[in-house]
Structures are given as structure tokens and as C-alpha cells.
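Which chain is which? They are A, B, C and D, in the order written, and residues in each are numbered from 1.
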Amino acid sequence: MTDLSPTKSDNFTFGLWTVGWQARDPFGDATRAPVDPVETVHRLAELGAAGVTFHDDDLIPFGSDDGRRDDHIKRFRAALDETGLTVPMATTNLFTHPVFKDGAFTSNNRDVRRYALRKVMRNMDLAAELGASTYVFWGGREGSETDAAKDIRAALDRYREGIDLLAQYSIDRGYGLRFAIQPKPNEPRGDILLPTVGHALAFIAGLEHHEMVGVNPEVGHEQMSNLNFVHAIAQALWAGKLFHIDLNGQHGPKFDQDLVFGHGDLLSAFFLVDLLENGGPGGAPAYDGPRHFDYKPMRTEDMTGVWSSAAANMRTYLLLRERAAAFRADPEVQEALATSRVAELAVPTLADGESYDALLADTSAYESFDADAVAGAGYGFGRLDQLAVEHVLGAR
Amino acid sequence: MTDLSPTKSDNFTFGLWTVGWQARDPFGDATRAPVDPVETVHRLAELGAAGVTFHDDDLIPFGSDDGRRDDHIKRFRAALDETGLTVPMATTNLFTHPVFKDGAFTSNNRDVRRYALRKVMRNMDLAAELGASTYVFWGGREGSETDAAKDIRAALDRYREGIDLLAQYSIDRGYGLRFAIQPKPNEPRGDILLPTVGHALAFIAGLEHHEMVGVNPEVGHEQMSNLNFVHAIAQALWAGKLFHIDLNGQHGPKFDQDLVFGHGDLLSAFFLVDLLENGGPGGAPAYDGPRHFDYKPMRTEDMTGVWSSAAANMRTYLLLRERAAAFRADPEVQEALATSRVAELAVPTLADGESYDALLADTSAYESFDADAVAGAGYGFGRLDQLAVEHVLGAR
Amino acid sequence: MTDLSPTKSDNFTFGLWTVGWQARDPFGDATRAPVDPVETVHRLAELGAAGVTFHDDDLIPFGSDDGRRDDHIKRFRAALDETGLTVPMATTNLFTHPVFKDGAFTSNNRDVRRYALRKVMRNMDLAAELGASTYVFWGGREGSETDAAKDIRAALDRYREGIDLLAQYSIDRGYGLRFAIQPKPNEPRGDILLPTVGHALAFIAGLEHHEMVGVNPEVGHEQMSNLNFVHAIAQALWAGKLFHIDLNGQHGPKFDQDLVFGHGDLLSAFFLVDLLENGGPGGAPAYDGPRHFDYKPMRTEDMTGVWSSAAANMRTYLLLRERAAAFRADPEVQEALATSRVAELAVPTLADGESYDALLADTSAYESFDADAVAGAGYGFGRLDQLAVEHVLGAR
Amino acid sequence: MTDLSPTKSDNFTFGLWTVGWQARDPFGDATRAPVDPVETVHRLAELGAAGVTFHDDDLIPFGSDDGRRDDHIKRFRAALDETGLTVPMATTNLFTHPVFKDGAFTSNNRDVRRYALRKVMRNMDLAAELGASTYVFWGGREGSETDAAKDIRAALDRYREGIDLLAQYSIDRGYGLRFAIQPKPNEPRGDILLPTVGHALAFIAGLEHHEMVGVNPEVGHEQMSNLNFVHAIAQALWAGKLFHIDLNGQHGPKFDQDLVFGHGDLLSAFFLVDLLENGGPGGAPAYDGPRHFDYKPMRTEDMTGVWSSAAANMRTYLLLRERAAAFRADPEVQEALATSRVAELAVPTLADGESYDALLADTSAYESFDADAVAGAGYGFGRLDQLAVEHVLGAR
């Protein structure tokens, strides 16, 4: 077995809010004390992470005055300097304070919308100062519980207005940020706007600065709708829009579990790592950004369990990377892929230069096409699936 | 109560395959005999429908020779002429024959892809001849059961290649068709490409002739992922892409039920009709195309039940239209909407001509903004929800 | 329309924790101040409720000393006396304090299990003192996030041990309490023991004092698994085990929404009320206990919205009761029920005194049974469904 | 690695209808020819299976006369004799023919119910003749699409009547059969009676001969409701009712996929095998019956793929059995289980002979119990989960 100790080149990153989660849930009080972000930075560095990410309020408690704010930033920056950890991504907390109870960019209350934009701009300044290249937007409160209460088309107008304005701000200030929108179908709102990777990609296509806006898909969020996360990532890559990714685990349509990566649908996690690292059947890495873990250590755990869960995320990723490499290298897999004609799908349906007139004139395509005969051939997909399962099990 | 007999101006349409479904399901044989399309046309006309739609194989059995094909078309056309029913939409069956078992436009087998394009072109010719303005693409077999078997990015390339070619074909032949892509998350494939309205809209944005391609969302398909269908329709409208709609009923994430419209999530059906007819809070119709029912009469029913279920779809729609009109006209609703600031969301967040610099300079927006005070005000959404429920119940 | 003002004879009850919910959710802080239980009692009485229910910690903050405890009880009792409200049900909070993070009766830590039993006994004393007849057990923390961590069979042994002991305690003290177990599939635990009405009924069958233990099903909990709540209630009634019921609303498999009754699946709410009030097709009330609302006023609402949401629950129930009565009284419904042979299902399959030998000898049952002919008859279920929808819509 | 060739002692069995599925689905025609049951017996024997199971109509086409019937049985029996395969289980097809469109034991039509009982008795005779010890009841058509159409309590009465009568028949004839009821939440009916393992167990408790009736849970059926299958199996074992088991794979709440075992939720499959083989933490096999695969080879496959998918089921099971054995033998796992107090849950909460009075007198249990201190300790469940994942991955 190759060494599975994570290093900075593996580019693993964690949110301050992940290991820092105090484990307050809808039915229970916190089971853990707050964690000092400075400690988090040091611990993550020891574990082999490359970077740390944050919401404004993770680092600087809501309502801090400027002096306190500067102190928090100074201490954090010192920890980064000591450890060499970077801050590749930052984001804004637009959901905890009750003022955002009907949303931020799409609150029915225009004053809240204005306040939200200001809160974001303030933290974009800090993100740029700390060297972040990606700014994430998770609109967890943008939504509704009843269709009577929200004019969705107006909401999308306001959402666009907000993102357009902030993009312009980043451009004008020379921050060089790329934006990444994070979809989620529900929780905390009954229904959230831009519920899936698809809806977010579609929204982005209508933005003024669409070229600087992509998505930040989260494993569990797409799986809360029982959608295939690997397919969603592939579509985001196809659109050139996979700007960031949130790795974790989930057991299907229920509340947002934020389990350790791989501790949910393990087969899907394998295919995800294969896609990111090997490009699926393509053979080349499909994504070179941070492998960002957005998970919650279970509420039953103490701080020892918290730090070991952080390590577990990275170790599982590395194990799956190893399994995926072996899968791609296995001659039997390669033969099975050929039998299944997987690469043939990359061949255009029309020949080079062929027009539809030529296709219409090709009697072998239709008039003499023997549908029953072609239908009789098996694709061999079951064998491929079994080979993948056996590689996941480390059995080949 | 106003008259609830449907008329052609209501623009209700049905697929031949709906009332014609023989009720074969994964565990059972057909319970009904085939229905002659000519009878369907006459019956639907009697019931007050405006139009009928079809897959090629609904009208002309797969493998018919040209002579038989012409006979089928001739008889069908005669029935249309007699009844005045139109054919506003047509589509292609790319899923029943085993040759499509791995998809049509995205089959790993290139010969199948070529055959599929030919099959579509042939039926587009007929659709245009019969006066259809919309051509629907439901890629029910485009997908996979295991991520090992399908290169999703290549599949999306082929999907785009297919749609681009067919769009060009429609343009060149002067058919004037608009294309409408119909999303579905799964069934018959384990995972289907373009699983939601969002994913389909995102895909369309990357097409060569994207301006002539929109979506054909189906109530049950979006609800199979437990997504809010009304939100999806609003986003499609926002993108200018609601080219067609398939109305039916579903009870959440399970097999595709295709129930009568309203016989699933009745509250959502009410808000859908309100959006289509009244534009939600906007006040103007948001959609003027066919109200197309894509449902299946239950397998327990005989032909009497089939025709009465067709009538039930229309009657439920009309009742909900009446309820939605009363909801919008109710002064208490209007007052509640104002209290909930629903219309305020249509007011841009920045004042006319206001820049982000001006926003940054507005201390009322941030520095002196009293978040706690603003947070204390209630939105009154519960009252709106209850008013809607009471209107649905016909209790106001 | 009949008067829809609730009265005590309607037997509507509310938990202190419902209107008292401060609207803290997994991503947000409280949006409302605590409500004094005394105020709740007065307000609910004014709205027409008959009773109020509570967890120990709702009434007496966790950790209160005996003196403070007595004060809280005394004030509460005075409010009950003033208003005439009863306390038909009480329950124990075994989920908020971190000590219960791995469960109460089934915590891996035996000391926690002992503490939990003591906490329940203490509140059973109070429940009996306040005249409660039902004691509810919701084991929200009894479960796990990983199958490696919990020996489920041992957990069920401990669950049974706990319930058996507490049943004996109630019997010996002469409290006359009936126990009602409340199922839920997940949240706050990844998977909760006794996830559905079925699993709870099965568990009860193995208890020592099974005759005094039934279920307390909650609309949203069963719908979180996309199961048919009306079927579940019917099975509980069939087993003689519907000891209490929690009414609210939910939009399918997602986090526990606790919406106002009817503000989720409205058709199912109609059929539920019809079952409770009219016994479905039977014609007699199937349940005579409290109609208990276990819901959460939306987080967007202020206290005005809280109290109006409480009223909305009752009003929706009464409207549905009215619709259900009209449905049963409608001659066309009665004729449709007869056509659908609904009552025929109450006729035993074997004639009175008929043995299987007689059935085997009845050639009309098999040898000369014409399956194809019988299969051809339609059941008319679609018509019944449409009649129900129209009654819900108040359109008949 | 130990030898992974299946042998008869592994007790793997398959239904005739699994490899024999012709791959007709709701949207597509058959892609494979029928398979002769005799060939199936020989093929399965070669692959290492121990037994084969069947529905009456799998072996003897519906409507065959007595002569044809005898021929089918004779040929089948000869194949069994040649191969040494056994028939441990049989069942009845009460779903394919249209006559069962509203159910069999619970059809609203009493004649259908009588016919269904006769059809079952006839096949029970054959099952006994072929040496089966288990008779399965999957009531796939027992259910409804609308709550208006079915009196659920009457349906449960009829269901009970049917099972009671058939149990008596088996007893009287000395067949020695045990009955196993197979739950499923929906498909082909909108909602099916006895939707989960829990509901079936509860129903069984009310049967006359309940001691001879257990459950036959299917992986995918419970996962269609997103319920934890391992928990369900543990509850069935706890009740002494795991009489048979159907192994396959499923990707959450959608149509019934019937994938190869392990090709869905792989982690859950591991924990299931661990429970069956090692009794979870207990250390002893929890189930000694057939490991029965009830799956469908994918529709894309030809017969080569069919037979290799049959082998894949067994191989995956054996690999997981190996992984589970290593998990239980790993000293680090044992230490982690101890840290997590997993075995402590098997210790009764009350000491031997301790009464509740003694518990009430134990001040350490309540009065001096330091809830905050106890709450502070972590359970170490995350470490256990990661150890399991690493064993599944073959990484330890």
C-alpha cells in the first residue's frame, strides 16, 4: 500500500465551521465547546491539510466592533503564517441571524437585501486580503415554505441583481475572485431556490458576468434529492463550471447529515474520486481545485473524535484515489470498457463533415438498419459494475 | 359556480398514449385493449379538448411499411378534420424498442445514435405536416445504471450534437418547430441525463440554437425528486423557456405514477394553476401554450374509466383556475400579500442608478442598521398559506 | 356553512412546545422569545382548544430545584383551573440535553439509561397528578448514525426493559396511564429505532404490558418515509392501538417540517379526517381521543403569526371534517362506492362456516372461473378519486 | 485471499424469475428471450448455487392444462435431481394476470379473492411435493392508488383471513411450510399494504398461526422508503421472524431497481452480511437460512451478462463475508467497540433483581447524577465507522 498520509499537494481543505461545529441540532443543545480558529488552523496543518475556509462569522463573531475584528483577523493570519495553510475560499454567513429569516438577497424586505450585500462586500474585502481565489454563495435562506409567500421570478431577479453587483465589485477592486454558487434543495427553508446543480448552472447562464461564476456542489445536497452526484459533477465539468466542491456523506433524502466523506454512498464516492482524479474513462484529472470537506463531526463525539473525523475524510479520499487508479490500470477493466463501447460515445455521431443530408442518404442508418439484430447485443455494463465494486472492496 | 365544461379556448390537449395506455406495468400484463387513435380524437373532441399529441409509434406501429404508414396518417388526419382538433405537439418514441436499451442520442453504440436521429427526422416531417409547433424530446433511455458504463461528458456532447443537428434540420426545412426538452430523474434508467428542469435549462444554454429550445416540465417528474414543481416552472418562465407543460399527479419519490392532474399534491396543483393563469402575484397569465395532460388512467379501470379520467383532468384544472382567480381577487389576500411584502421583492435592491459605492456610503444599510429590530418583525406567511388553503377548499 | 369556531367538544389539544417553539433551527438562532406556559394556556383557551400537553422541561426548566419546580407547577395548574383546559397527555424530554446524545433508554451508557428512567418516572408522577391519561414516548435519540455503533437487538431489549418497567410503575401506582409510542424514521439521529407506525406496533406486541401500550403516529413522521399516513392509521386502528395522534403537515422526504395541519398533503389530510371522523367507508367515528397538533409555527413569524397558526390548525381540521361529512352524504359517492365494490371487501372471502375443503370443491372458484372475463371489468376507482377531490375543493 | 468460489454450503439461492426476467419494463419491450427453467437449474448449479425458487407461473405458464403442467414439473424435477439443487422456497404469482389488478387476498371483488386462495393452495401442494420449507407471500397488488377506494381495515381482515386459512391448510396437510410475508411500500400499486418490515411484523402478531409466519425482507424494498435495512433485519431477528431474506441492490427512493447485491448501498450491504454472519457485535451467525438473490439482470445485458450477474451476486456476498470476518477479528475494532461501550448495551439497565423502588432509592442514578459531566464524554462512533469503511475497502 502506498503512503496515505495527506500532504499539501493533495490540496485538502476544511471549513472552520466543520470541526468547529458545536453540535447544536433542531432537538438538542450543543455538546461541544467552541473551538478557537487558531487551534483549528494548527490542528489541520498537523493532519496534513492544505487550507482552511471560513464564513465571516466563523472568524469574527457577529456584531464585533472594528477593534475586535482586527484582533481576530490578526491572530488568524499569524496562525496561517506559522503553518503555511492557505485560505483558498471564503463565504458569508447569511443564515444564522434572525434578520435573514426570509432570506438575504431575496428577502421580501428590501432593507435586509441591502444589508446582506454590505455584509458580503465586507467579507469579500477580507477574503481578498487573505488571498482567497473563490467566494462561495450558499443561499440557504433564499426560499419559502409556501408558494403564496414568494414571487419566485422576482426572487431570481433579485438574486441575479445581487450576484451581478458583487461580481462587478470584485472586478473593479481587482480581487480576482471567482464565485461559486452552492445548491441545496431544502433545509433550513421548506424549498430553497437553485435546489440542484442543474438549477444553479441554469441561473448562472443568465448572469452578467457569467464567466466568473460557477458552482460549488456538495455531495449530500444533491443526494438529498436522490440525484446522482457524479452525473451532476460531470455536467458541471462539461459546462466548465466546477469551481469548487464540497465533499461529505449522506444517506439519501432526509435532513442534511454532513457525514464524513465516504460514510454514506461509498460506491458513488468511488466514482466521484475517479471522475475528479481520472476524468472517468477520459484518463486525465478533471478538476484541480481544493478537495474541500464540508462535513459535521457527529454530535456524539468529543474533540478527540472531531480531529480523528477530520483525518478520516482525507484518508478515505486517498484510499478511494488509490482504488480508482487501480481500476483504471486493470487490463480486465480496460477490456470490459472496450466491450461496453464506452469510448465509442466520444466519437461524434456524424462523421467529420457529414451533413444531415448525408445521414438521410445513408440507407444503412435507417432503411436497412436491422433494429432487432442490433438490439440483441448485450452491453456488458453489469460486468463493469462488478469490476468497480471489486476494486472498491480492494479485491483485485 | 361558473360553467366548467371545457372548450377549445381552454387549450387542453392529450397524448394519444395517455388514454391509449393498455396498462401493462412492470409486474403485470395489459388490462385494456388498444384504442384506435381515430376513436381517441373523436372522444377527446366530445370531451372538449383542443388538441392531441403523439409519438410516431403511437400513430404508426413500429416497422410499418410506407403504405401502412400513409393509411394511418390519412385516417388520423381525417379525424382531425372532422373534429377540428389540432396537433400542437409531437415527439418520438426512442424508448420502447430494445434497440434503444442504452439510449438513443447517447447510446454507446454509434449506429443506434444514427438510427435515432433518422427516426426523429422522419417524425419531424410528419409533425410539421400536421401543423405541430412544438417538438418534444424526452430522453428516457439516455442514462445509466452504473457510473462505470457511461462517460457523461461525452454523452452530453452527443446529446448536444443530436439536438443541434435536428434544430438545424427544422430551420432549413422551414418547419418552424420549437423544441422542448423533458427532464426526468430516473425510470426506466437508474439515472437519466438532464434529471430536472434545472439540468435541462443548463444544457439548453450550451446549444447552438438555444433560442429555439426550451423545456417541457412534467409535474410528476420533478416531484419524483421531491422538488417544488411551481418553483421549477417559475425558473423556466424566468429564463423564457417554458415552451410546453405536462400536467399530471404524483405522490412523491417513487415510480412514475402519472395520476390525474390534482390527484397527487393538490396544494401544489393550485399554486401551479395560479402561476400559469395569474402569474403568481404578478396578475397576468404567465403561459399561453397548451395545457397538456400526460397521465395514465389507472390500471384498474376499463374504457369508461379511461374517458372519465380524461374529463377529470380538465375539470380539476378548471376548478383550480376558478379557485386561483378567487384567491387573487380576495381583498383579504391582497392585504395579506401587502403585509408580507410580497410585491416589495419586485423592487430592485439598489435604487435606480445607485452604484455599489452609493450603497457602501449608505450607513443606514449597514452601520446603523438594527438587525435585531428588523429581525423581530413577522412576515405573515402563515396567514397567506392558510388563506390559500381555504380558497382551495372553496371555503371563502 | 356551519359554524367553524372550535369548541371543547372538538377536543383539540396543543403541546406547550408548539406555540412555544423559539424557532432555533440547525442553521439559525431563535427568532422569538420564550412564551410563558401560563400565557399559552390562556391563549389556547381563548382560541377554543380543549387541552394542553407538555414535556417535563417545557414546564419546568431542566435542572430546576424542587422549590422552583413547585412554583412552575402551581402557576400552570392555576391557569388550567381558570380556563378549564385539561392535560390529557404528557411526555418526557429525553433529547435536548447533551447527556442523551446517544439515546436515553438505549444509550450505550447504562448510567444514562438509569437516569432516563428516573426522569420519566418523575414526570409520570406529575402527569398523573395533572390528570393525564396518556403518556407519550418519542425516542428521538434512540438510534445511530453508523451500524457499527449500535447493537440493535440489544437496543430493543433495553427499550422493552424500559417500557415494561415504566408500565409496571404506572400500574402499581394506580396512575391509569396508557402509553403511546411515537415513531419517526430519522432526525435528529441518522436512523431512529421504531421508524414507522409498523415497526412500533410490532415492538409493542412483544411488551409485557402490551395491552396498555399503543402508538402516537405523527402525520409528518410517516410522510418523511413517503408512506401513506392514512394506511398507517388504519392499521393502528385495526390493531386497536391508536391511543393518540399528532396532526401536522409535511412535504415528503426531507427534514421534519411540522407545518400546520393541511399545509402539506391536503388530499391525505382529507382522507385522514374522514377516517377519524367517519371511519372511512365504515360510517362511524374511528377515534375518539384528542386531535393533538404537534406543529411548529414557521420561523418567519412573530407571536401574532404564532397564535393565528394555532387557530389555522383547528379551522383546517373543521373544514375538512365538513368536507368529509358531505362526501359521505353524497348519493353519487355512495353509488360510486357501490360500483367500486368497496363494501364487498368487508364480506368474508369464505362463506359463514365454509371450510377450505368446501372452497376446494367449489369449481366456480377455480376450475370454471373465467379470469379474463373478470379481469375485464373496471373498478371505477378513478371516479371515486375525482369525487373526493371535488369534495375537498368544495365543488359539490 | 481465501477461495471465493461459491459452494452449496454457502446456501445461495435464486428465483427462476431473476435470471429469467425478459427485461420488459414500463417503457420498453423485452430485450431477452425466455429462459427454460431446466437450463436455469443447470446453469445455477454450475455457478455454485444451492437452490432455486419459483412462482407457479414461472414454471408452469398461466392457464396450462393438467397434462402440460405435469410435463413442466417432471422436467424441472429431473433437472433438480441431476444437479442436486433444492427448492427451499416457493411462492405464487398473484400480480401478473389482469384479474389481480385490484389485488388478490384483498381485491374488492370477492370472487377474485376466492380464486387467489385456490391458486395459492394449488401451488402449495407443488411446493410441498418439491420439498420447499418456506412459502413466500408478496402482496404486490394488495393496495390502492386512492384512499377512497379501499377500506384498509377490511382489507387487513381479508388478508388475515387468507393467511389464516392457508396456514391451517399447510398444517392439516402436514406440509410443514413456514410462511414468509414480503413487504414493499409501492409499485406496482400506488401504496401497498404492509409497506415495511415493521408493518408486516405487526400484522403477523395478529394472525391465528402467528408462530408459523415470519417475514421475507428485501433489501431494495425497505430502501425504497429510505429506511435502514440492517435495522429492519435486526428487528425481525429480535422478534424471531427472519424466515427468509431477499438480497439485491437499490439506489434509494425510486422505482424498484433489483440491482445485483452490493451494487447499491455498499456500506449497508457490508453491515447486513456482518449481521447475518456474525450477529453484529454478538459474534454468532444470526440467520441460517438461504441467501436468496431476488434481483433483475440489467435490461442492457444479453444472456452472457445474465449469468455473470448471477455469479456477481454470490461473489460480492462472499467478499463482504470475508471483510466482515476481518472486521470482527481486528483488535483495533475490538478496542474501539469497547471504547464505544457497544457491549454495555447488552447489560440490563436494572441490576439483577433490582426493582424500580431500588432504582428510585439510588441517588447516584438521579439526585447526584452529573448530567453535564456524563454528557462531555465522547462515544467514539466516528472511529468505528471509519474502521468499518476501511475494512470494506480492504485497506486493513
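List of remarks:
Criterion: a contact is a pair of C-beta atoms (placed from the backbone, for glycine too) under 8 Å apart; a residue touches a chain by one contact, two chains touch by 3 or more.
All of these numbers come straight from a predicted model, not from anything done at the bench.
More inter-chain C-beta contacts link the pair C-D than the other of B-C and C-D.
The geometric centre of chain B is 38 Å away from that of chain D, both derived from CA atoms. Annotation: 36 Å between the Cα-based centres of chain B and chain C.
Between chain C and chain D the centroid-to-centroid distance comes to 29 Å (mean Cα coordinates, whole Å). Each of the following residues of chain A touches two or more other chains: 31, 97-98, 101-102, 145-146, 185, 191, 226, 251-254, 263, 298, 300, 375-377, 379, 381, 385.
In terms of which chains touch, the assembly is arranged so that all chains touch all other chains. Chain contact summary for the complex, chain B toward chain D: residues 23-31, 95-98, 100-102, 140-141, 145-146, 185-188, 190-191, 224, 251-257, 259, 263, 298-300.
By the touch criterion given at the top, residues 1, 31, 226, 251-254, 260, 262-267, 297-298, 300-305, 308-309, 312, 315-316, 319-320, 323, 375-383, 385-386, 389-390, 392-395 of chain C touch chain B in their complex.
Note for the complex: chain C touches chain D at residues 97-99, 101-102, 105-115, 117-119, 121-122, 144-158, 161-162, 165, 168-169, 185, 191, 193-203, 205-206, 225-228, 230-232, 234-235, 237-239, 253, 268, 271, 274-275, 280-282, 340-350, 356, 359-360, 362, 365-366, 369, 371-372, 374-377, 379, 381-382, 384-385, 387-388.
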